[in-house]
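Following are the structures in question.
Both complexes shown next keep chain A, but they swap its partner, so chain B is in the first and chain C is in the second.
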Partner chain A sequence: MESWGEASESRLIGKRITRLSGKDKVTGKAKYTFDINRPGMLYGRILRSEVPHATVMGIDMSQAEALPGVKAVIPLIESGKKLRYQGQEIAAVAAETDDIAKDALRLIQVHLEALPHVVTEADAMAEGAPQIRENWAGNQSEPSINKNRDVAAGFEEAAVEVEATYHTPVQTHVCLETHGHVAEWEDEQNLTVWASTQGVFGVRRDLAQYFGLPPNQVRVITEHMGGGFGSKFGPGSEGEAAAKLARITGKAVKLMLTRKDEHLVAGNRPSMTQHVRAGATRDGRLIAYDMRGYGTGGISSGAGFVGPYVYHVPNTRTERVNVAVNAGNQRAMRAPGHPQGAFAMDSLMDELAEKLGMNPLEFRRINDSSEVRQAQYTLGAQEIGWHRRNNVPGAGNGVKKRGMGVGSGQWGGGGGRGTEARVTINADGTVEAVTGTQDIGTGIRTAIAIIVAEEFGLAPTDITVKVGDSAPGLPSGGSGGSQTTASVAPVIKTAAAAAKQKLFEHIAPLLEAPVADLRVGTGIIYVASDRTKTITWQQAAGQLGMESISEGGHWAEELRKGVVAGTQFAEVEVDTQTGAVKLIKIVAVQDCGLAINRLTTESQINGGVIMGLGQALLEERFMDAQTGRMLNANLEDYKIPGTFEIPEIKSIVFDTHRKVTGIGEPPCIPTPGAIANAVYNAIGVRIRELPLTPDRILTALAEKKA
Partner chain B sequence: MSEKEKKQVRDSNISRRSFLKGVGTGTVAATVAPTVLIGAEKSAEAQMDEAVSTAKIQLNINEKSYQVEVEARTTLLTVLRDGIDTSGNNVDLTGAKLICDRGECGGCTVIVDGKTVYACMMLAMDAQGKQITTVEGLADGDDLHPVQEAFIQHDALMCGFCTPGFIVSSAALLNENAKPTLGEIKEGLSGNTCRCGTYPFIFDAVKTASRKNFN
Partner chain C sequence: MLEGKTLPIFNRPICQYLRTKAIYIPGGNLQNLVENNPGSHYWCNCTMQVVGPDDRFVSPDACKQARSCFKPVGGKPVV
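Our next item is the complex of A and B:
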């Protein structure tokens, strides 16, 4: 049985260790895909549809081709085909400079025949709406229906009921490094691609397939990567276009999406609308839950969301429908389906608790079977000062009113098989750890160094970690579902252990001790039964002479575990004159399993909370029904959190067990619900729609008065 | 087509300005399907007429002089990232990033004559005769700037794509205000955006750096 050992035995694991890539990132030396400059490199750009729905009647690229500095122009759609959303690809160019590429796009003439469009859920579902998706009558998918026991019988037992509609809008990922690639062909058969991706090996597979090459003739490199949040798997049409342009021109081609493209076509979190009716018994048990909900993932499906969530309801009936609109496709976005569903559920919980005359925390305790969260409720309540909470929502006469709220979440993140890794000890004492995962900002590079250094008695900086390159042929999965650390850590740990065993075998004769009696200390190897017998790491490695030790690892189920619970508490101050919500404090109590690196784990919790508060207060894609275009496809009108929105955030790494789990997604789940409940507690009016913008707050307050 | 032939095309008198401008607001909402057109706002020769006069300029970046050829529209950021100097070497100062392309995110922040500037919003020509410092110019060899050290220590970065901009803005903030309060740090860095959510640790890092002697 493999194990991570006791906390008291760990020198590095679970401590706060600074990132290996820190120095490169603070000095500007870190090269992202966007920063790659290759000799003679060309710049690619994509012409995209400005209309939401049309048939392509003809594309004339001749003028663009004639522009000096333009090296290639290729169509990305055929005449006769339909464009189904703003931003859909029409053609791509490669030119000597980015500005020339931009000019060239303006010279491409596209003749279109406009088709009727719908871009909002309401328009899509309205009677007589044009059908924009085949086989989807009323632009809706077949409902997916789930039942548990008898919801009608459940309502008969209910002492209180709430019926309400909750809504969250489409949100976009806003990766600061846009999607993109630099593609370069060595010859007709060998392609190298720098990709801003969450899945090096996925991009390799897809591009190899696209060009009919064996996978090992495509090399994908992702040294550093500027954010993905679920939207960066596979090369996408922009990656294919970059590689195609590179092939035609015989030059390296860099093709990065623009900020506008990124909003339009690089994924989004689908919207959600839930009509819920739910009931609880007099003693505070959830008893029945009936929900009909829909959401849009653009022209695609995939608008799923959770509900009921976390809390146990015995009798349920749920019905979910996908609505098609003429807008870019959804992609997985940090905990897909969870934050929006959690917002609805946690709002509902508070509404039911109020009808029961119960403290919302007490009501949660009764209905939450997670022991971990029960403990988190206690800790979180203490940290936020729950006893100070308004007992009467909206009480007080001041202009600025304070309130507190709570929300919960749950995630998997247990990792899985499929990672290969190699740990090498060289005769000069250097150590290398190689695997095909990628560091998307979570700090896996550093986690790998920590695991290997712990095993060898070295410092993390002594370990050279190579990730983000398919060339060594050591595959690993894409970084999604918070799976990376739990997938990679066991394999790295067992590879390091195997290499250590080999080194012990090599030096055991020298130390005149059996292999089983050897141990590593800090920078040394010693004999457990005779501590006077010791050699330094350098000396031990020196015994290898011209050789080196290189060992692979294996999956070890017992080193990892899935399913983490989290709870967050928010305190807010609402200005009832301006409608502005100011966050005072957020406490995030997050089960993280075994946190390999406490420092980067805290960073991830902070990051989740901040993305969650963006969803709660700021983020919304606006579509113009008339033109079918996105109105805020930039960073000026699409608001993401900035310095002024950041409250005091207390991120608590809640230790539960010593098995590795993923933590990238879960901390963004409870935030919107906790904030919405805090706003209600402050002003005494329930807003069931995100984001909680000043106009919504003021409207709600005005309605309350009236 | 060779470059020479292309030049001939450009110089010929054929006018291609017969196309409509790109689809405007409202056009597509008409119930009768109209034929619409994207692109071709201006003909090739019209664009060439206005765009392609270039000039050789000298820029002083991180105490090094660069000679580059730029168009009137070329931004300082384009020179830093994509510029090729007159002897054929890439300028290759890619620390500053293009993120929003409109002065909203601070990813491209550099210091020009002691003041922070969005390099995406400054024309290269306007940067002539000025002292430009990029994130690459902050450290003294292997000696990191206190802000850089503090960012590493506090893990004030995740993906790190916004980091160069925050580093430059933080260094400039501390130059102006040696001991900023939390509110002043938020104000001083309000022109920078991070999507990974590193703000709390950035605030800590700036506080730590402010306690050090940074001059």
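Our next item is the complex of A and C:
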């Protein structure tokens, strides 16, 4: 059985270690896809629909093709087919400069026959609305219905009930690095693509299939990438276009999306509207939960959300439908379906607790079977100073009112099979670890170095880690579902252990000791039973002469474990004259299993909290019903958190066991619910709709006053 | 030859062009393309869109052998 050993034995694992790529990133040495420039490279641009629904009657590209500097123009949709949302791809151009490419787009003539559109859920579900998706009567999917025990009987037992509607809007993906590729054909049969992707091997497979090539004739490189959050799997239309244009022109083509493109077509977190009725017994047990809800992921399906969530309800009935609107497709966004469902559930929990006259934390303790979260409640409450919370929501006479709230979350993240890796020890003492995963900014490069360095008694900086390249032929899965570390770490660990074993076998005769008696220390290898027999790492490796040791790893189920629990506490200050919400502090207590690198784990939690507070306070896609266009497809009007919005964040890595798990997604889940409950505690008015913008705060306060 | 035949682990043929996020991540497999998941987004690797080459929506339920663009897993790819 493989094991990560005891914490007391770890020299590096679990410690706070600066990420290896940090210096390269802040100095600009790190090359993202956006930074790749190839000799003679052309610039790609995509012409997109500005209408939400139409049939393409014809595309005239002749003027664009005639523009000097334009090297290729290709259609991305055929005449007779439908455009179903603003931003959908129509044609693509490759030109000598980006400006020429933009000019060329303006010369493409597109003949359309407009079709009726709907861009809001209400309009889509209204009687008589145009049907925009085949087989979806009323623009709604077949309902997904789930039942557990008897919800009617549950309500008969309930002493208190809450009936409410909770809503979260569509959030668009805002990756710092936009989606895009640089594509270059070596010849007709060999393609190299630099991709901003969460899945090097997924892009390789998809492009190979698309062009009818064996996978090993497509090379995908992602040395560094600027965020994906679930939106960067597969090459997408932009990858297809870049590769096609490169093939036609015989030149490398760079095609990166604009920020507007990102908002329109690069994916979004679907909206959620849920009408829920729930009941609890006098002694504080959740007893019944009946929910009907819907959401939209644009024209696509997939607008799912969780509920009931985290807390146990014995009698439930839930019914969900997807609503189709003429807007860009949803794509997975950090913990798909969880933050919006958690916001509703944690709001509901506070509302029920208030009806029971119970402290909301105590109400959670009664209904939460997770032993981990029970401990987290205690720790988080101490850290935020829960005893300072308003006993009466909205109490006090000042203009600025403070409040506290709590929210919870859970996730899987246990990793899976499919990674291959190789660890090599060279005679000069250098060490190389290679695998086909990709570092999406979360620090897997450093985690790999830590694992290998721990095994060899070296420093992480002594390890050369090569990831983000399909060429070595060592596949790994896409970085999604918080699976990367738990998938990669066991294979790296076993590869390093195998390489160490080989090295021990090589030097055991030299040390006149059995292999089983050899150990690594910091920079040395020694004989456990006779510490006078010690050689340095360099001396040991030097014994390899002209050879190297190169070993692969294997999946080791016992080194990983899924399912994590988390809870967060928020303290806010609400200005009752302006409606502004200022975050004072957020405490995030996150079960992380074995944190390979405590520093980057804390960074992950910080990042999740920041994304969660953006959902709670700022982010919302606005669609214009008349034109069917997005009104805030930019970063002026679509707000994301900046330094002024980010409070003190206390990220607590909550150690639970010595097995690796993933925490990329879970820290963003509890944040909106915790903040919404804190706002209620501050002002005494419940707002059931995100984001908690000043206009909503002031409206709610005015309604309370009236 | 398995071309066009149902593989034993699946209850029906799956189109080789059908995509969803779950098949890209560790532990994911084609079983995710057997049944519609209301929480999943589906797209086609031929069109890179939520509709197939026939301009109709794609999903495990919708991508069936009757469609002209359907190519089963294990069959020859169409370029």
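Throughout what follows, the second predicted complex is superposed on the first by the 706 of 706 C-alpha atoms of A that agree within 3 Å, B and C clash if a C-alpha of one lies under 4 Å from a C-alpha of the other, contacts with A are read in each partner's own complex, and residues count from 1 in each chain.
Please note the rule applied: a contact is a pair of C-beta atoms (placed from the backbone, for glycine too) under 8 Å apart; a residue touches a chain by one contact, two chains touch by 3 or more.
As the structure is a computational prediction, the values presented were derived from the model and not from experiment.
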Item to check | Touching partner for A:436 - first (chain B), second (chain C), both, neither | outcome: neither
Item to check | First, second, both or neither for A:666, with chain B first and chain C second | outcome: neither
Checklist entry - Once the shared chain is lined up, is A:235 touching chain B (first), chain C (second), both, or neither of them? => result second
Checklist entry - When the two structures are overlaid on chain A, which partner does A:307 contact: first (chain B), second (chain C), both, or neither? => result neither
Checklist entry - Is A:141 in contact with chain B, with chain C, with both, or with neither (first, second, both, neither)? => result second
Checklist entry - In the superposed arrangement, which partner chain does A:169 touch: chain B (first), chain C (second), both, or neither? => result neither
Checklist entry - Taking the superposition as given, does A:600 touch the first partner, chain B, the second, chain C, both, or neither? => result first
Checklist entry - What is the contact status of A:337 with respect to chain B (first) and chain C (second): first, second, both, or neither? => result second
Checklist entry - Which one hits more chain A residues, chain B or chain C? => result B
Item to check | Contacting residues of chain C [partner chain A, same complex] | outcome: 16-17, 19, 21-22, 24-28, 36-43, 45-46, 48-51, 55-57, 59, 62, 77, 79
Checklist entry - Can you list the chain A residues touching chain B in their complex? => result 18-19, 21-32, 34-35, 37, 43, 47, 49-54, 57, 63-68, 90, 97-99, 103, 105-117, 174-177, 224-227, 229, 258-259, 440-443, 599-600, 602-604, 606-611, 624, 626-628, 634-636, 640-644, 646, 649, 651
Item to check | chain B residues within the chain A interface of the complex | outcome: 1, 3, 6-7, 9-10, 16, 19, 22-23, 25-31, 33-44, 47-48, 51-52, 71, 73-74, 78, 81-82, 90, 92-102, 104-105, 107, 134-136, 138-139, 144, 147-148, 151-153, 155, 157-164, 167, 185-187, 189-190, 192-201, 203
Checklist entry - In the complex formed with chain C, which residues of chain A make contact? => result 81-82, 84, 88, 133-135, 141, 144, 198-199, 202, 206, 209-212, 230, 233-237, 239-240, 297, 299-305, 320, 322, 329-332, 336-337, 414-419, 476-481, 483-484, 487
